[in-house]
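Take a look at this one; I'll ask things after.
Chains here go by letter, A, B, C and D, matching the order in which they are written, and residues are numbered from 1 within each.
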Amino acid sequence: MGMQLEVNTMVVTKGNEERIGENLFKLEKTGYRIYPLDIEIELRKTKEGETSGMVIPRKVVWENDVTLLTYELVSLNSSN
Amino acid sequence: MGMQLEVNTMVVTKGNEERIGENLFKLEKTGYRIYPLDIEIELRKTKEGETSGMVIPRKVVWENDVTLLTYELVSLNSSN
Amino acid sequence: MGMQLEVNTMVVTKGNEERIGENLFKLEKTGYRIYPLDIEIELRKTKEGETSGMVIPRKVVWENDVTLLTYELVSLNSSN
Amino acid sequence: MGMQLEVNTMVVTKGNEERIGENLFKLEKTGYRIYPLDIEIELRKTKEGETSGMVIPRKVVWENDVTLLTYELVSLNSSN
């Protein structure tokens, strides 16, 4: 009788992000996930990889056991 | 450095729901709220009122400090 | 990079509760679970079974992938 | 009919932490808060201040609208 959730403290793209505006990106993830809305968190390409920048989650959609995240890119690491 | 959330164990419409399909309704609520997706919960018109039926939350959208809930009406109390 | 959580809208004891006060019970559950604190929810012996009463979760402890819930029994169904 | 929660992506001590073991600290915070258990997050003295180290939340207790967090100090910034 429970809803499974995952609390995420960073955005891990695995290269699956899609650009939808100048600094705006969409990313689909399996399951229902909480991203801290309107709070700056780390962006990574892989879970164990280096931080590639900072983002602010702006919108979360939960449906059919999928999370659709929209995030704003705030800064990009120069080394990337 | 935190995201405010409210965990909801029932849907309270206050008469603000909008029918968008045969058994499908949309409801906008202030703030970011967790409704247990795909799990049957109570429907009420007011927080302290009687149960008016049972619903299953099917979709949640969080954006700009608003929650847009889509729920399926499963059963309606005959007395209503 | 995520913490797995389960949002619970009722307390399912499976007979594992332990009485620790007149109306107070302890229940250990696997994984990290959210119970709505200080809000009245259903008590059941099994997930698919009948409601056996109403309880109010009063304390939640998360540690080592286990949830220790303390709840107050508010009412018991007479048929039980 | 909701439980207020705050999702925290870092630990902000405001100097209120209490050492309870070699690398273990206790911190009391108002309200019910989610810290990602068993996941490394930032430690700060103030919300807007610099990162003073990295910690892993190991235990969370929710009761009487208070959160009692136990965290493990993993690394301390040398500049602090």
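Basically, a residue touches a chain if its C-beta (ideal position, glycine included) is under 8 Å from a C-beta of that chain, and two chains touch if they have at least 3 such contacts.
Given the structure is predicted, the values throughout are model-derived calculations rather than measurements.
Colleague: If I compare contact pairs by residue number, which of A-B, B-D or B-C overlaps with A-C on over half of them?
Modeller: B-D
Colleague: Can you check which chain pair, C-D or B-D, has more C-beta pairs in contact?
Modeller: C-D
Colleague: Roughly how many whole angstrom separate the Cα centroids of subunit C and subunit D?
Modeller: Between these chains, centre-to-centre, one finds 26 Å.
Colleague: Which whole number of Å gives the spacing of the CA centres of subunit B and subunit D?
Modeller: Averaging C-alpha atoms per chain gives centres 32 Å apart.
Colleague: Which subunit D residues sit where two or more other chains touch them?
Modeller: Within subunit D, the residues that touch at least two other chains are 1-3, 5, 7, 9, 34, 36, 39.
Colleague: Per the contact definition, I'd like the list of subunit A residues that touch subunit D in the complex.
Modeller: Within the complex, subunit A touches subunit D at residues 7, 9, 34, 36, 39, 41.
Colleague: For the complex, give me every residue of subunit A touching subunit C.
Modeller: 1-10, 12, 33, 44, 47
Colleague: Under the stated contact criterion, what part of subunit B meets subunit A in this complex?
Modeller: Going by the criterion above, the answer is residues 1-3, 5, 32, 34, 36-39, 58-63, 65, 70.
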